[in-house]
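Shared chain: chain A. Partners: chain B in the first complex, chain C in the second.
On to the complex of A and B.
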């Protein structure tokens, strides 16, 4: 065990693959799509804006995976939260809408968590079931109708607004990533999340309250999904049951590619953020290349498969 | 000083008629023992005799099915292992209970991580320097406390688990096969650590399959066979042959 190896491990050297892949794909699009405006400031900013909700979902998912659990339901939570927030804001000021959106996310996540923590059901099965359950609730909430969000403060705060020239969606992303990173890496709670995902029995005999922790990480994931729902509603100025529907694969891929272990014990918020940007860049580039939707799905699937294979190999070395 | 007619009242730990069942399996039936300050009791028995189960009952991992426990003459029952730890009980579990992907120093402080009082955030620097000190004091062969457990040898892992328990124990330390993965020199080192713990006045319950080791260290030896407590002997008043025949049940 030499110190160079420790130095690399502490800096999570396996993520270098991600950053290299990121640069390679960026360079590829920059060269091939030069004339299609890939490198334009507008397009690059757009990529970041579009990935904002997925990045925030990814922050929540890192906590869940690090703790050795999984959440498949966050996409459905996005829709329920956004719809409830939009319905509340028909009558009430934005604060109530925000509280409704985040509160719904946390509460639904905590329900997932209660099944996992106290009934000892596997999170895979619980959230597989609630993914469908919450999607059904989202559909029935407004009878498949989309709900416009006309509150100007809200759409500025979560969508079109900006502070010191930085768009609000980017600010929300930065805040979520920084707060998530500090909690995971610099607090006792974060250390306990990683220890529990690593060896739950060891964590339990060390006095860590494992059940409560499992509930917490799923509630965090729900809360992040709620916030992501608000960002969608703010940007699109409407909420619909389809929000978040197609984010499941992208977000899981972003988190895994970002160096978080599917089996728990290892997590990286910064890596997940980079992974999410990578996914966004991929989407954007494939569209600019003029691929049809079905071609995009195939290429994206293949690239994610390759990326996940490489990052898993690095991790389990 | 309060005098009490109960012989167990002066003991750091006393167990009375402990039973432990797992469904239909009786892992321990009717186990009693007193352990005084600065005393080492060895628990011996074949595989599956119930030794680890007894350790986990004492450390609050499993509640006993029946029976009672007292520390310093006061009845105790531990709802979980934190409760036992608060009473100064530390354990080296047979499976070591380490988080393999975390660094050594985080394992040493698992569940009681040091924080910076001003920010409330983890004080990694202090955990690292204190871990380095601890590793040096115990002469554990560990080049870097920032390395992850999974990159350690079996003996080094055992060293981490022992260092953790000895650092935090205040009253009682339970060692479940603490030298199982160790070489000759490391075993000698751990035995001298155990001796120094006794000198500090800690009570020690140790499990070992090495009878030589048991006779080197223990004041008393208690034998379990298929969950049954066969006998307890002073180490001076018995020999290996007698212990072996009690372990195997052959005379």
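On to the complex of A and C.
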């Protein structure tokens, strides 16, 4: 009972630290940049739009990390999924492109998962290998050419469209975060993910099918990456082999800052979403401050370091 | 060589024609080049600009010495004209980040945006918001698909890319006594700038130097792998007279491979200034010459095009800044001409 109280207290503290930090940085930019358009509705919406693909990748990664595994390949999956969807939509209706994009993501994730679950290989090495493998496939798929996406339904559904005044990218973010949160916190599957990440042997003894679960979380991560690829393709109205390439470190940082444990057993989808928005807000605010690119990188690095230090310290307390 | 690397078929056709028939840099849509020196802000318009409270954003594709020099040239010209630079970004070659950078910069309501669109297809949507808001767009080297001059953008400014490749070929040929075998290390990516330069080198060797043959061709996408690529090339062709390397970063790897093999005879020619490469050249090593662009002048011209557009002066659609060949004896002048700053002390000391 006592340990449960401590556990709860730690959870609360951890949440508060992240959200207070988030608010502090927001307030700082709001105060210093109030003349520079930071608080304009368009700019705030832009931050959410710009982070939508990374947030959705982060949702998938929370499941993987919570289960005690890691996925380094999701950036490459983004590119392959987006390109395949774009190529399919040259000839076929959007629904086939969507199916191709998501299906590719889930399939690649499941391949990762099969190596991890059934060949008992470490996910770090498996996904390190498939990261390179699928980056190469993305490059060769269209011979480095960008593929335009001209399907109006698709670019509206995943990019520039809106429903009741809310941009579709924001709706996708909300849906992914809510669904991910409910699955992780409210379902038996979510509890099994956390239990496996906490102690896989104990989980197996308790009857959890650990191998199948590992395959599932990597497939979820792949599926999320596939969806992120569709969002990029919709937003840019084109697909390119570089999509997702630079998201790996940003997404991992967002997830860790958001209170998910790198070693497994603890995960927060809402926290990952806040972490992702924090990254986007930093990018945006530092540009609006008129810093040079090098200065932006230095300040961003320092703030992320501080955020990780604070959130990890709260967790390990 | 995979000619598809050039991009759209139409550009490919025009480029090939240019390489064979005209031997000059042509724009992404086949535009003829106008020298950057002829693009200036008329004296009568300077006062008008200075009092206008105009703002500019510099939305670059990446960070490099080249970008720094372009930024310096543009910033100095903007400062002279009283135009404030309100945002500077780097997309790190990420098309999605470039789109975000445009959106973010728009919050500061710039009147001019200088940028290198990462590729025609993805950047068409990225710059649409700025274009529709009436921002004067000045592009470096690349053009978003279906953008029309002067309705959608003020001009494209770039290096004299063909001249850079051609001058590299001429310098390497001279260093080899116009005879021998050459290895060609090209940039294996669909990237207008490097593709034009690389192919101009190749075309010049093939068309102008009958006694030099390109016996090895190797694409490179990761500069960190240049050393292993050079090792493999030298293993198969131990008596290579020269190696062309697509830019200075990978050339450092190629130089490392030659040094490790104790090779003092194979000459290197590469593009863009780099201290380690230039130091080897000044010390009489493998590097025969470096071909550079006038990046500072390029930045000045971009700023001038944007400012001209603000006062209703159209500029030619395709403007090029000159190329210069830097040899051991001209390092100090070359650095100043290209980057508008002193050559590194190590070079000046070694040269004396």
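Going forward, the second predicted complex is superposed on the first by the 305 of 317 C-alpha atoms of A that agree within 3 Å, B and C clash if a C-alpha of one lies under 4 Å from a C-alpha of the other, contacts with A are read in each partner's own complex, and residues count from 1 in each chain.
By definition in this document, a residue touches a chain if its C-beta (ideal position, glycine included) is under 8 Å from a C-beta of that chain, and two chains touch if they have at least 3 such contacts.
The structure presented is a predicted model; accordingly, all values stated were derived computationally and were not measured.
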Partner chain in contact with A:70 - chain B first, chain C second, else both or neither: neither
First, second, both or neither for A:148, with chain B first and chain C second: second
Touched partner set for A:255, first chain B, second chain C, both or neither: neither
Chain B versus chain C as contact partner of A:188, first or second or both or neither: first
Which superposed partner A:42 touches (first chain B, second chain C, both, neither): second
Partner chain(s) touched by A:213 [first = chain B, second = chain C, both, neither]: neither
Which of chain B and chain C A:272 touches, first, second, both or neither: neither
If touched residues of chain A are counted for chain B and for chain C, the larger one: C
Set intersection of chain A contacts, chain C complex versus chain B complex: none
Contact footprint of chain A on chain C as seen in their complex: 2, 4-5, 7, 60, 63, 85-90, 92-97, 99-101, 103-109, 118-122, 124-126, 145, 189-190, 221
For the chain A and chain B complex, residues of the former touching the latter: 1-3, 5-6, 9-10, 182, 186-188, 191-192, 194-195, 198-199, 201-208, 261, 265-266
Of all residues in chain A, those that touch chain C in their complex: 36-38, 40, 42-43, 46, 49-50, 53, 139, 143-148, 232, 235-238, 240, 242-243, 245-246, 283-284, 287-288, 290-294, 296
Residues of chain B defined as touching chain A within the complex: 59, 61, 80-82, 85, 91, 93, 95-103, 106, 110-113, 115, 120-122, 143-144, 146-148, 151-152
